[in-house]
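Which chain is which? They are A, B, C and D, in the order written, and residues in each are numbered from 1.
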Amino acid sequence: MTRPALPDWRTTLPWPAVDVHKHARGRLGVVSGKATQTGAARLAARAGLRIGAGVVRILCPPDATAVIAPAIEAIMLTPFGSDEALAEAAANLDAVVIGPAAGINDATQANVRALAGTGAALVVDADGLTVFEGWPEDLFEVLDRDDVLTPHEGEFRRLFPVLLEQGREAAAAEAAKRAGAVVVLKGVATVIAAPDGRLSVNDNGTPWLATAGSGDVLAGMIAGLMAQRMDSFDAARAAVWMHAEAARGFGPGLIAEDLPERIPAVLAALYSQAV
Amino acid sequence: MTRPALPDWRTTLPWPAVDVHKHARGRLGVVSGKATQTGAARLAARAGLRIGAGVVRILCPPDATAVIAPAIEAIMLTPFGSDEALAEAAANLDAVVIGPAAGINDATQANVRALAGTGAALVVDADGLTVFEGWPEDLFEVLDRDDVLTPHEGEFRRLFPVLLEQGREAAAAEAAKRAGAVVVLKGVATVIAAPDGRLSVNDNGTPWLATAGSGDVLAGMIAGLMAQRMDSFDAARAAVWMHAEAARGFGPGLIAEDLPERIPAVLAALYSQAV
Amino acid sequence: MTRPALPDWRTTLPWPAVDVHKHARGRLGVVSGKATQTGAARLAARAGLRIGAGVVRILCPPDATAVIAPAIEAIMLTPFGSDEALAEAAANLDAVVIGPAAGINDATQANVRALAGTGAALVVDADGLTVFEGWPEDLFEVLDRDDVLTPHEGEFRRLFPVLLEQGREAAAAEAAKRAGAVVVLKGVATVIAAPDGRLSVNDNGTPWLATAGSGDVLAGMIAGLMAQRMDSFDAARAAVWMHAEAARGFGPGLIAEDLPERIPAVLAALYSQAV
Amino acid sequence: MTRPALPDWRTTLPWPAVDVHKHARGRLGVVSGKATQTGAARLAARAGLRIGAGVVRILCPPDATAVIAPAIEAIMLTPFGSDEALAEAAANLDAVVIGPAAGINDATQANVRALAGTGAALVVDADGLTVFEGWPEDLFEVLDRDDVLTPHEGEFRRLFPVLLEQGREAAAAEAAKRAGAVVVLKGVATVIAAPDGRLSVNDNGTPWLATAGSGDVLAGMIAGLMAQRMDSFDAARAAVWMHAEAARGFGPGLIAEDLPERIPAVLAALYSQAV
C-alpha cells in the first residue's frame, strides 16, 4: 500500500506524441441507457473526450438515438439492438464504459458479458455492477486485469456482501483479487486496488462531488485514460485525483456538467509539470 | 418580526459533510408542464441542483419526455401519466416543486394533492396556487408546516382575497397561519412568513428579477435547500436573498437562465464566511 | 434631421422601476418560420428578452413546436394554425416581431395583417416586407405610427422602387411618411425615420454585423424596447446603436448568436451613465 | 517551395469592407451526413461562420432535419432528397464542404459530382475522398483549380496509392497536379500544394488537434475563407495555420467544439496586425 506525496501516475499520463492521429490516441465507447436516461452516457463521453481519447462513440438503444443525436457534435453515435450488435459496434474500441443509467435488467447483464468478449478494456459502473448482485462470479469470470469496477459502498456490498467489515482498504484489495480486475471503491477517501496487490488511497477528495452524474464523469475519465493505453490501475488513480481536483477548483455550486469543462485546467497544470 | 442585519439563516445553510453521498445530500423533484411548457421545470431543476440538492429529477407528462430528455444531463427524468403515478414517482423524494407552467386545470389540482400525500416537502408556485382559487381550503388541508407557497401578489389574492388590505407583512403572517405552511409573498420586498409566527422581510430585492422564469428559479432554489433538510422558513429566506444577490451581481440584461449559473459565486461568498 | 453627439434616446431607455413585475415590464411576441427555419425567431426572442422585455413568447406554426421547445427555457411558446389564431395568441402582447424567416407566401401576408389588427406594436422585417412587393399600400394601410419597418436596401426597393435615387436619408424620410410608420433603412450608416419627420443617422456601424441572423437580433432588440413602452423611433435608434456597439465590442469572428449575450455589457455601460 | 517566416497569406485575408452585406461576404454550404451523423457538418458550418462567411447553410438528408434544426440558430438548413436537389440547393453558394460523415456509398459519390457541376468551389474531405478509392480519375475530372482536397495520409493513399513513397511534399505536389486542385495533406506538418506548383508546409502544428471532429472544423475554415473569395491555396494555408493556432492557445483537454470558439481570438490577433 502506498500513499505517495507526488503520485507516480503523473509520469505515466498519456500526453499525445507529436505525430499522433486521433485513432492512435485511443478510441472510447460509452454505452447509453434508454431514451429517458441518456445524460449519464453523455457526461461520461464528454469527460472521456476531454481527457484525451481521440475518438469517442456513444453506443445506444435505438430509441435513444433521437435524444442523443442533437446533443453531440464531436462525439459519435451508433445505435445497437442486441448484445451481439453491441459487441460488433465495440469491435475496434480500446475502452468502453458500461453501467451508468444502463438499467437493472437482463439486457445490461448480457451487454456487459458481450463487451467482455471484445478486445476493449471495460469500466463497469453503477447498474452494470448491480445487475450481478447475487451472482458476482458471473461478472468476475468474464473480467480481466485491464478492467475496472467503480462501485460506491452500496454497490460494493452487492458484489462483496461482507468484505467491508474488514475496513475499506482490505475490502478493496480482496475484491480486486476476487474480481481479477481493478476495483475503485468510491468515497471521501476513494480506494483503488489492483488484483496484483497494488493499492492506493486518494487524498484530495471533496464533498462537492456528492452530486448526480459525478460518478458518470469519473467512469468516463478513467476509461478515457485507459483508451490512451494507460495502465488501468494508474488510470483509475489519476482519474480519481483529477476528478476531485476539478471539483475542488470549482467549489460550492458544482454540478456534474462542470467537471468535464474543468479537465483542461487540471490537465494544463499537470502538463506544465511534465514537460 | 425580525429584519436581521446578518441573517441568521447563514449559519444553517446545508454545507455537505465530508462523507456525504449524493442521495444523503437531498433528492429534489420538479413537476414539468406539458410539451410546449417545459422550460420552467428545467430552470427550477437546474437551480435546485446548483444550490446543492444531490439528486434532481424532473417528473413530466409523457408527451414532454422527448422535449426534456435532450436538454438535460445530470438531471434525471421520469414521465408520469396520472396523479397516482406522480405520487409513486415522488415516493423517495425529499422535496418537490409543483406549479411552474403546470397548467390551470384539474390535473394540476390532483397532482398537488397527490404529492401532499407523500413524504416530500412541497413548494407550491404559480399555477399550483391558481388552481385553488375559490376553494383555497382544499389546498390548505393537505399542506403541513414544512411546505412553502410562493405567490406573487396576484396569486396571493386568489387564495387570500382581502388579506392584502392589512398590508403585506400582516397579510403574509395571517396567510401562513391559515395555510399552515410557509408563505413567500413575492415583490420588491419579499415577505416570508411561517405558521408559527416567524416573519422576515427580504432587503436586497432588485428590479432585474422582473423577467420571465425568475420565479421558477426561486422555487427551485427554495426546494433545493429544503431537500437538504434546511428548515422551510430558513430555506425560503436564504433562497430569496441568494436569488436577489445573483441578480444584483449580474445587473442589466439579466435573464432567468443566468440565475442558476450565478449561484456558485453567491454560495462561494457565503461559504468563505461560514468556514 | 439630427445627428446628436450624445444621443438623446439614452435618457428614455426603459430601466425597470423598483417595484416592476415581469408583465408590466413588457410582453414581446416573435413569429417563427416553419420547422426548418426557426433560428431567426429564437435569435430575435433572445435579444428581446436580454434587452428587457419581461415576458417573451415565440408564436410558431404547429410543425415547428418540436424544434423550438427543447431550445428555450425562459422564453415561452404558443403554436398557431391560422392568422386568426395568431392574432388571438398575440392579444395581450405589447410588441411583436414578424418577418424573419417567415416565408414569402400568402400566409405571411395574412399574418402581418392579422397582427396589425391587435394592440401590439409591430416590427416588420425581412419576408414580412418582401411579401408586399408590388402592393405596398396593402401593408401601409394597416400600419400605424408605432410600427417599425426594418428593410435593408434590397427590401427597401421592393416597397419603394425608386426612392433611393434621392439618397438614403431623403428616401427613408419619404418612406416613413408613405408607410405611416418608422422606417429603419439598414446599412453601414443606418437611417431611422419617423412619419412625423424625425430622422437620425446611426454613426457607430461596423462591418462585423454582416453575418447571418444579425438582422433578426436587431428586430428583436427594437421590439424588446418597444414592448417596454419606449417610443418606436427612439427604440429603433437605441437598438441600432446598441446592436452595433455589441458587435464592435466583439470584433472579428462575430456571429449573430454572440450579439444577445453582449447586450448586458452594453446595457451596463449605459446604465452606469444613467443613474 | 516556401516556408515564409511571415506568411504572405496574412495580407490576403478577407476582412469585410465597411459597406459589405452578408451575402456579398460569402455564402457557404456544408453537406451533412445522415441523422445519426450530423455533428461533423455542424462543426464545419460553425467554423465557416466564425471565420467570416456571411451566410452558412447546412444541406442535409431529409431524415437529419429534425436532428439539426434545434441545434442551429444563425446557420440555415435545407433538406435535399437527391443529388439533383443538392445541386439546386447549392446553386447560389460560393463554396461547399462535402465529405465529413457523408457515408461511404454511391450517394456521396453522386453528390460530389453534382456539386462539382455548380459554380461553388468545393472542399472535399473524409468520406468524400474515400468513395473515389479505386477510381480517383472520376473525382479529378470534375474538379478545378479552385477546389481543395483535405486528406490525412490514409485517405491520401486511397486516391494516390504509391505517391507517399516520394516523401510528403513531393507527393502532395504531384497529387495536386494530378487532381487539378489544391491538396492539403494533413499531418504534424501539413503540406499544402496547388496544381500550379505552389507548395507550403505548415509550421505550427500541434498534437492537441488529434481529436475527433478537428478535421471537420478545418474543412469548414478553409471553405469559409474560400466563400469570401480568398484564393483556394491561400485559404488552405491560412486555415491550417489558424486551426493549429486555435488549438495551441487552448492546449491540453482540447475538443473540436472548442476550435470554432477560439477563432475570434486568432482573427483578432491577425486583424490587429493587418490594420
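Rule of thumb we're sticking to: a residue touches a chain if its C-beta (ideal position, glycine included) is under 8 Å from a C-beta of that chain, and two chains touch if they have at least 3 such contacts.
Chain-to-protein mapping (UniProt): A, B, C, D = ADP-dependent (S)-NAD(P)H-hydrate dehydratase.
Note that this is a predicted model, so its numbers are computed, not measured.
Visitor: Keeping to the contact definition above, tell me which chains border both chain C and chain D.
Guide: Correct list: empty, since no chain touches both.
Visitor: Shared interface numbers for chain A and chain D above half of all numbers used, same, or below, different?
Guide: At the contact between chain A and chain D, which are copies of one sequence, the residues are largely different (under half shared).
Visitor: Taking the mean of the CA coordinates per chain, how far is chain A from chain C in Å?
Guide: About 49 Å, centre to centre.
Visitor: Can you check how far apart chain B and chain C are, centre to centre, with Cα atoms defining each centre and the answer in Å?
Guide: Spacing between the chain centres: roughly 35 Å.
Visitor: Which parts of chain C, given as residue numbers and ranges, touch two or more other chains?
Guide: Touching at least two other chains: 66, 70.
Visitor: Is the way these chains touch best called a line, a ring, a star, complete, or other?
Guide: ring
Visitor: Which of the chains touch, listed as pairs?
Guide: Between chains, contact exists in these pairs: A-B, A-D, B-C, C-D.
Visitor: Where on chain A is chain B touching in the complex?
Guide: 35-40, 42-43, 66-68, 70-71, 152, 187-188, 207-208, 210-214, 250-257
Visitor: Could you list, by residue number, the parts of chain C that touch chain B in their complex?
Guide: For this pair, the touching residues of chain C are 15-22, 24-25, 49-52, 54-56, 65-66, 69-70, 72-79, 263-268, 270-271.
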